[in-house]
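The data blocks that follow each hold one structure.
Each of the next two complexes has subunit A plus one more chain, namely subunit B in the first and subunit C in the second.
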Partner chain A sequence: MITSMIGIALKAFLILLYATFVGFMFMGIIRIVTARIHRRVGPPIYQPILDTIKLLSKKSNITHGLIYDFGVLYALGATILALMFIPLGSISILRAYGDLILITFLLEIPMLGIMFAAMSSGNPWAGLGSQRALLTLLAVQVPLGFAIVALAEFYDTFSTYQIVMAQQTAGWSITYLPLLLAAVAYDIVLQAMFGKEPFDIMIAPGEISLGPMVEFGGKHMGILQIQHAIALFAETLFFSNIFLGGAVVTAFASSILNTLASLGILLIKQLAVLLIAIFIGAIFPRFTIDQAARFYWKWPTIIAAAGAILAAL
Partner chain B sequence: MINELMIIIFTPLITGVIAWLLDIKGLREGISILGAAVPLAYLIQAHQTLTSQPSIQYSIVISGFKFEFLLYHLSWIFAMIAGVVGFAAVLGMASTTKDSYEWLFALMSLTGVYGIFLADDLISFFIFWEIMTFGSFMMVLKYNRKASLKYFLLSVLGAYSMLLAIGILYAKVGALDFTTIQQTLYQDAMRGVLGTNTLLSRNDMLLIFGLFLIAFGVKAGMFPLHVWAPDAYSETNQSYTAMFSGVLSKAGVYGMLVIYILLGTRLMYQFGRIGAAPKFGYVIAFLGGITIIVGGLLAALQEDIRKLFAYSSISQVGYILVGIGVGSALSIEAAIYHAISHALFKGLFFLIVATIVLRTGKTEFKDMGGLAEKMPITFAMTFVAILSLAGIPPLVGFASKWLLFEAVIHENMPILGGMIFFGSAIGFVYLIRFTYAVWFGQRPTDLDDTKDTPIPLAIAMGILALLNVVFGIAPGLVATELNKIFGKEIIKGTIWELNIGFGRYNGLLITIWLVTGIVIAGIIYFLGAKVRRVPVTDTYQGGNPVTMEYNLTIRRNFFLPLKETLAFWLRISFDRLYQDIGRWVEDLAETLRNYIYNGNVQAYAWYLAIILLILALWGV
Partner chain C sequence: MVDWRLFEPLFEFARKRSLWIVSFCTGCGGIEMPPLMTSRYDLERFGMMANPAPRMADLFLITGYVTPKTLKRIIITYELQPDPKYVMAHGSCPLNGGVYWDSYNAIKHLDKYIPVDVVIAGCMPRPEAVMDGINKIMEMIENGTADSWKRYKENYEWYKKNQDELFGEGWREREARRWIPWLMDKKEE
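Right, the complex of A and B next:
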């Protein structure tokens, strides 16, 4: 009992460490790739880690009250919670409970914590940014919902792990037409979930000074950087799992080698998802919020709904 | 012979009358709270009885009519919703009610609700339905005549529809008690399957179903019959609205279940299925889905706290209707689960609104702000309520919504699935707007000496908040009771876990890991340097120093971009349509008065002569 609990704790710690590290690398990659597209050199890949260490070690921190502190902690806590439910090769802890609906919700609620903290500061930019973030959420929810419905109806289960296992024998989800449509819609949704252009109106640097993030500094911002890294990892991981086949390698005799190989395959898939988002983000200008809502309620919704209806037939 | 069912039903009314007659401050509150507590105590005791016997019965014959009452698992669950939320609302009313008039009618409507849930024949069902409607109508009438008339008109429409449907059923079946009707219609369906002539024709069934749908749809606030709810919910004592929205709307939901119980088999035989759902249920579900979206979007655009939650109520009842409409055992259980959680969190929300209105005397967002510091207890309750309504694990709102999502999507209903997904996001949207405008940001100076909640309201909120948490972390508690309705284990799992085969949810596990996550975040937080508290004016404003003279908060038209995006759709309003019809009827009456009923005796004499002439020509 005790040993198994220690084992779980150790595993959770390793997953967390890995996710944070890879997440920060992703943040570095985003900056480098964007810079190269802009024909700049860009910062070194570990720059986000340095930034975060700097933020965490600030001597002077300010707060706007209890909710301001708690919202930030809640955001990171909820992101860690979400991470634990997503299958990561064969080592994730709560994958038996990795329910599609649950994970979809869990990936959204850290934003709620950030908004609570941001709004409690009373900064008007934070209020405006939260409003835009909420409307973006509302806009993406329709195609996102249809994509999840398509998945659940196609596989007749809500367990992410079972969906991954089904793909090991039947091939990737995106090789089937209904799920390909769902994947396309979900990928467009992912663009907004990452907060990348053309759907970055909620942070809109230079216009509303990063919106919800405007008031954070010091260790609050440091924690939110870590949260962002883990969220980036978790969102790409979720997509790779449900649409790109995940990874369950059993080719080697040693379980450690199997795990490493699975992580490697997943990493490649995650990178692919990330790069698509970066390329789209680097090319398109920003949509206003009503344009974004009208866009999401039109094409991605039609695509995803078509997928869901085809999957239901 | 007095049975415990009679005590449960009539105690609120009797204590209400006593409180009204005595009208002594302090005493009337005590008596009324007792009046709400006694039925609750009896219901809790009845749970014990129901484990040994399937139901508790009572019947009484008054002037040839036999009134029958029955308490079994389904009605027990609904009666418990009424008991708990009714008790909390009455406690809240002890803080917000100024005169005994309100006690009388609030408790009268509680009696009505109990009567509806326990009735076992259509006559008692109808009578208590009217008692409930009358009590709640009087509660609204005291605050706003126009809102109450709108409520009254639609309720009358519902009542006539129900009466007609009951009449048709009685004419065909010849009985009014639920058991006979159920059996007769079941046999009728069997007759239809065998190919012999059926008692009721297709049109009869269509008519009865349509009439019941109108009757119950009005009370549940189903689109497009929801127009009374935003006005009626907001224009009354807000503690009472906790009951009005939390419990009375459930009478409509219960009515939909009664349709299933009485007419289900017959309707299914007559109209068949769409996919997995019965066709008649799909009508309910689809209207429920539209209700979610319309209610939610309008909630986001309101400028009044009470209106926001009134629309939110409509939206949430939509979920319940979707669950009932899909009609599988699992989805009906999920719908009832959501009915429970809706009553818990919406009851809590309206008590919070009652506190805010009581302490600030204001209801509009533009006058609010920064109250979290002044009302910490109320804000803590709000926090629970928000997480629960928004469907954040591990609160009850998530457990029930999760169950509903999976139940609906599992039946291969993609369109309904998309609708409920949209509904959950719109919930986030209007809740954050409420949080921002009322609790956070800059505080108007006239709210600087706002006091926190009075004790009775605090206790009432505490009860509901506690249940919101408990039923979320231990969803098995509710699931066990729900399984008893169907007499088999539809939702498996332990006290902490819901297991429906194709999905699993464990409330305790989520709580543990969420706490772990927050602790990890907390460790990082406390390793950092100390924090310094700064006032609201000390924020980033592009280097511009601000004082309290500046307006820092967006209080009005918060979701203006949404309004602009939806501009086309917002022009369509059923409320306006009904008002236009009303005006048209008034115009017609005016025309008739001018030309026909003109008050001229000579003219009336002419009418008489003409009619006599026509009759004579006819040869009568």
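Right, the complex of A and C next:
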């Protein structure tokens, strides 16, 4: 009993370490690929780690009260909790029926935590940015809900793990038309979740000085960098799990080799999801908030709803 | 508690390689920043990034002449930044007045009001000169001589005396009342 508990705790810790490291590498890849598209050299791939070390080693720190500190930790905690629910290969630490809905919910919670903290700082830019982030969150819900309904309708389950297992025998989700439509809608939603270009009006660096992030500095910003790294890993992992077939390798005799092979396959799929987001982000300009909301309530909603209806037929 | 002094070389390396610039470009030197940040000279190679928020900035560039009006903003922006923070002054104007040496409305010596780590002479310095200055500030961070933020704390009385001579006593409160009256009135209650 105790050894199994220690084993689970160790697994959770290793997953957390792996997710943080790969997330930081993803952040480095985002910066390098964007630089190459601009015909620049770009920073080294470990640059986000250096940034985080620098932010955490700042000698003075500014706080604006309890909610300001709490919101940052809340965002980090919610992201870690979401990560623990998502199956990584054949491992998932927490597994419950209906975790498909729970994960989609938990992946949006961090934005709320950041908003609490930003609003309590009293900075007008932070308030404006939080307002826009809330509106984006609201706009995203409709296509996201339809995409999830299409998935659940098609596989007849709300369990992420069972969806991954079903794809091992029946093939990737995107090879079926209804789920392809749902995947397209979900990928457009993912663009707003990453905070990448057509829908990055909530942070808009040149316009409202990073929006909700404007007042964070020093250790708060360092924690938010770690949170961003884990969130990047979790969001790409969730997409590759539910739409790109996940990875459960059972070809080798040794379970360690199987796990490593699954992680490798998942990494390639996650990189594909990430690169699509970077390319779209690098070539498109920014939507204003009303355009973004109108866009989300029109095209991705229609696509995802068509997917859901086709899946139900 | 962990003794963090052991990790100080790592922190110094991270500070050196990840200087975030606060985008507050005063005067004409701001026009030197686009070629530096974009594909011609690409400062992101060294981990430098233009950052709109002063709270997460490390390097403050004073790019050109300083008037009393901008000096108020410069001092407030400088004090918003968390320590350690570094200041680099572009061009002759913040150094000794430059072409505005006899102007009634330009600050001749910036380092009387805030401490400056590196000054680049020239009117205007070419991007290569700016990169040389950045190289210099990286060296100074590495060997620990970029200590302007310590000097500001130690000699705060002197800096404050100079600032008050120029703007008059209580200028911070007057400015704050002008820009964030709702917060200032709340403090009084």
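Assume the second predicted complex is superposed on the first by the 309 of 313 C-alpha atoms of A that agree within 3 Å, B and C clash if a C-alpha of one lies under 4 Å from a C-alpha of the other, contacts with A are read in each partner's own complex, and residues count from 1 in each chain.
One rule holds for everything that comes next: a residue touches a chain if its C-beta (ideal position, glycine included) is under 8 Å from a C-beta of that chain, and two chains touch if they have at least 3 such contacts.
Because the structure is predicted, anything quoted here is derived from the model rather than measured.
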item	value
First (subunit B), second (subunit C), both or neither touched by A:218	both
Which superposed partner A:122 touches (first subunit B, second subunit C, both, neither)	both
First, second, both or neither for A:61, with subunit B first and subunit C second	both
First (subunit B), second (subunit C), both or neither touched by A:177	neither
Partner chain in contact with A:205 - subunit B first, subunit C second, else both or neither	second
First (subunit B), second (subunit C), both or neither touched by A:35	second
Touching partner for A:134 - first (subunit B), second (subunit C), both, neither	first
Residue contacts with subunit A in the superposition, subunit B compared against subunit C	B
First, second, both or neither for A:158, with subunit B first and subunit C second	first
Touching both subunit C and subunit B, counted on subunit A across the two superposed complexes	57-62, 122, 209, 214-215, 218
Contacting residues of subunit B [partner subunit A, same complex]	275, 370, 372-373, 390-393, 398, 402, 405-406, 409-410, 412-415, 417-418, 420-422, 424-426, 428-429, 432-433, 435-436, 439-442, 502-506, 509-510, 513-522, 524-525, 527-534, 536, 538-542, 552-554, 558-559, 561-562, 564-565
Contact footprint of subunit A on subunit C as seen in their complex	4, 7, 10-11, 13-15, 17-18, 20, 38-39, 42, 44-47, 51-53, 55-56, 58, 81-84, 183
Residue numbers on subunit A that touch subunit B, as the complex places them	12, 16, 56-65, 67, 69, 72-81, 84, 94, 96-97, 99-102, 105-106, 108-109, 112, 115-116, 119-125, 127-128, 130-132, 134-135, 137-138, 141-142, 144-146, 148-150, 152-153, 156-159, 209, 214-215, 218-219, 222-223, 226, 288-290, 293-294, 301, 305, 308-309, 311-312
Contacting residues of subunit A [partner subunit C, same complex]	31, 35, 38-44, 47, 50-51, 53-55, 57-62, 122, 205-206, 209-210, 213-218, 221
